[in-house]
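Labels for the chains are A, B, C and D, by order of writing; each one numbers its residues from 1.
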Amino acid sequence: MSQTKTKIAQRISKEINDGDVVNLGIGIPTIVCDFIPSDIEVHIHSENGLVGLDKEAAEGFEDKDIINASGKYATIKNTGSFFDSAMSFNIIRGGHLDMTVLGALQVDSKGNIANWMIPGKLVPGMGGAMDLTVGAKKVICAITHQTKKGTSKIKQECNLPLTAAGEVDLIVSELAVMEVSSEGLILKEIAKEVDVNEVIEKTEAELKISENLKQF
Amino acid sequence: MSQTKTKIAQRISKEINDGDVVNLGIGIPTIVCDFIPSDIEVHIHSENGLVGLDKEAAEGFEDKDIINASGKYATIKNTGSFFDSAMSFNIIRGGHLDMTVLGALQVDSKGNIANWMIPGKLVPGMGGAMDLTVGAKKVICAITHQTKKGTSKIKQECNLPLTAAGEVDLIVSELAVMEVSSEGLILKEIAKEVDVNEVIEKTEAELKISENLKQF
Amino acid sequence: MGKVIDMQELDKFFDDEMRIMIGGFLDCGTAETVLAYVNQLDLHSLTIIVNDAGYNYKSKGKFLATADINNIITSHIGTNPDVGAKMNNGEIEIELIPQGTLVEQIRAHGAGLGGILTPTGIGTKAEEGKQIIEVEGEKHILATPIGADIAIIKAWKADKSGNLIYRHSAKNFNPIMAMAADTVIAEAENIVENGELDNNNIMTSNIFVDYLVKSKPEN
Amino acid sequence: MGKVIDMQELDKFFDDEMRIMIGGFLDCGTAETVLAYVNQLDLHSLTIIVNDAGYNYKSKGKFLATADINNIITSHIGTNPDVGAKMNNGEIEIELIPQGTLVEQIRAHGAGLGGILTPTGIGTKAEEGKQIIEVEGEKHILATPIGADIAIIKAWKADKSGNLIYRHSAKNFNPIMAMAADTVIAEAENIVENGELDNNNIMTSNIFVDYLVKSKPEN
């Protein structure tokens, strides 16, 4: 696992509070799990129909009827439970999730997020992502700061089709933690490895620097 | 039990086919059950959340968690099942009931039915009756032909607040079986005890006499 | 803090003018122990959401007949003459809703829907004051969400984490109301250790349930 | 006639141009035995309603990749490159719907609702061509019912009368689709005698299920 991804996941794990009900998307969000402190109890929701998701199943212990939303064999805590997809999305859309963490192709200064299609190129579909972003109380976007070609994924305005408009609350990359406010993005924290100017340079969106800027 | 009610219930029981899913309302409809031939299998649905309703519970064998929609302790067949009220009304409204049998204060030539309030006098509420009349494939109104004061309950047009507009398919009283058609009520059967003129006289609604009039 | 609490701790969750949902169909699946306790708190101007008004002499019906209630949103009050009398003398305002619509409105709140379209009630008083929307030439009533400050529900078995299993026809409105209130108080006949319920049969997840109270045994 | 049938009897229920719903989330809770059989019937111009397109090399994904299909109504096809390719070359038309909306549309059909209002998708492509309805100042998409001619669902246990119990995360779309098709074919891993299921745990009532087929044991 790359250090970049680990850094993002680790920082996001600090947003989780005892008792929270959390949905973790595919990719970086999945590994957030690994950094949740053992002294707090978190209910992991998986949109395919369970809450109380535990680790992936060990080899030889796979149960064909227990998978996570990525299709991997999983396990469930002894206080977990299963339900149909209607109930699963009632939980999501009904505001019963304290937090969802999603990856994205782009995210922007207005809290818009794009993660489900690149016109003419890639159309996987939105799956549960549109419901998750609209429904969860807090939406965190886990994202590498730039594309492999060095383009900022933190846009002033997304140009890919949106997953949701204005729903993202917090953006965490390997370089920065940015809060979405009515006045645009507020740079709250920067990675120890970089300085503010480097972050500003690598970010397409305008950043307001928090008076209380921290490192992570 | 009065002979009048028995006669109505007995006649209605002949409308039920093998395999039907049926909801029986309070009053006369409840006793329809007693006349279903033992060689056909009928699934009785009760809107409080079960299907496969069987007889009332024998004294000493009441289970506080098994009631019918009238609140009486009931029993369930070994192929019956229980569900919440949302599912119960999905069954009703979703067209999964072959038939519902309801009592009424009035029913009319257009298939309108009124059974949930008398303004200024009695306002019990509609309970599940509006869903049942709209949702069931076939709606049978079980009704004594006249009020105790001798007024016809089979109206040209209901003057009490409706439970549903144009949903009744068949009206069965102790005197007559009437089908609701686009041209009004068709008198299909008359009770052995009466002649056609008496039925016409006691019915406010206009009746078209079936060419194939039968007795019951 | 655990979810299993003593009855006396309930006081702090309740206040005047609250909207309270009560599960049950007639007396089946109603949290009688909690309701009896709540009824002796000095609460005023409540709004109650409940399938039916029950019987005036016991359980939820007694609560509805005796508590200080401004509004009841329900599908049926015919079994409770005291509530009927209070409606007639203007003491309680009753909003009657078809049962299938009522349960969907409660579900819609819990499910984050803006409402549902139902054909039930078209051409009747139930459509009065409602927005009518046509879908494929058929008229429907737009029924909007109904939520509450508190839901008082009844389960058969609970584990200490708040997972619930209901029994037989005592399910009724309980699993739906469990999704639709800010605070959900579940009364359970049995409260077992975590892990003792078969998690394939849990009907309400612990994430919905805030507090658990044990039913007093029936006398 | 009993509901338990042999695979060969399935032929007569299927026809060209049918709308078919398939339960399951990826491969979990999918009626693999029935699908493999249906895939070798000579069916044309199907419309499929399914949560996702699965994997092209097995189970429902193989069916979607190889059967003669005109339309797929689904929330996600990213796991099935063959379906993606058929979409790109115009062979299959894909209608993408947010998963929570899709399941509610299927439920709405089964529940006799004219539709539901959801905030999901507002401000995105998902709202294109949809009726937008405001409720209390908030925009919602009107999502209308989706039904089918046949639903192919998967259960863990069935009794001969057609009552179903699903297992763990294999529930997903199955209990919802069971309400929403004219003919419901359930594949079950175990088919037991009537009375052998605990009727408190039945998730789909026998009144919804038309035919039962036993799963072939996994190789």
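Odds and ends about this structure:
Definition applied: a contact is a pair of C-beta atoms (placed from the backbone, for glycine too) under 8 Å apart; a residue touches a chain by one contact, two chains touch by 3 or more.
Computed from a predicted model, the values in this text were never measured in an experiment.
Two chain pairs, B-D and B-C, are compared here, and B-C has more C-beta pairs in contact (counted per touch definition above). Here the CA centre of subunit A is 35 Å from the CA centre of subunit C.
Taking each chain's centre as the average of its CA atoms, subunit B and subunit C sit 29 Å apart. A straight line joining the Cα centres of subunit A and subunit B is 55 Å long.
For subunit C, residues that reach two or more other chains under the stated contact definition are 104, 107, 111-113, 118-119, 167-168, 199-200.
Subunit B has residues 76, 82-83, 86, 89, 92-93, 134-135 in contact with two or more other chains. All chain pairs that touch, listed by label, are A-C, A-D, B-C, B-D, C-D.
Contacts from subunit A toward subunit D in the complex involve residues 46-50, 63-67, 69, 71, 76, 82-86, 88-89, 92-93, 112, 117, 122-131, 134-135, 161-166.
Against subunit A, in their complex, subunit D makes its touches with residues 25-29, 51-52, 74-79, 84, 87, 94, 96, 98-101, 103-104, 107, 118-126, 156, 166-176, 203, 218.
Those residues of subunit A that touch subunit C in the complex are listed here as 21, 43, 45, 51-52, 76, 78-83, 89-96, 134-135.
The touching residues of subunit D, counted against subunit B in their complex, run 107, 109-113, 159, 161, 163, 179, 194-195, 199-200, 202, 205-208.
Every residue of subunit D that touches subunit C in the complex is listed here, in rising order: 104, 108, 111-119, 133, 135-136, 138, 140, 142, 144, 165, 167-168, 199-201.
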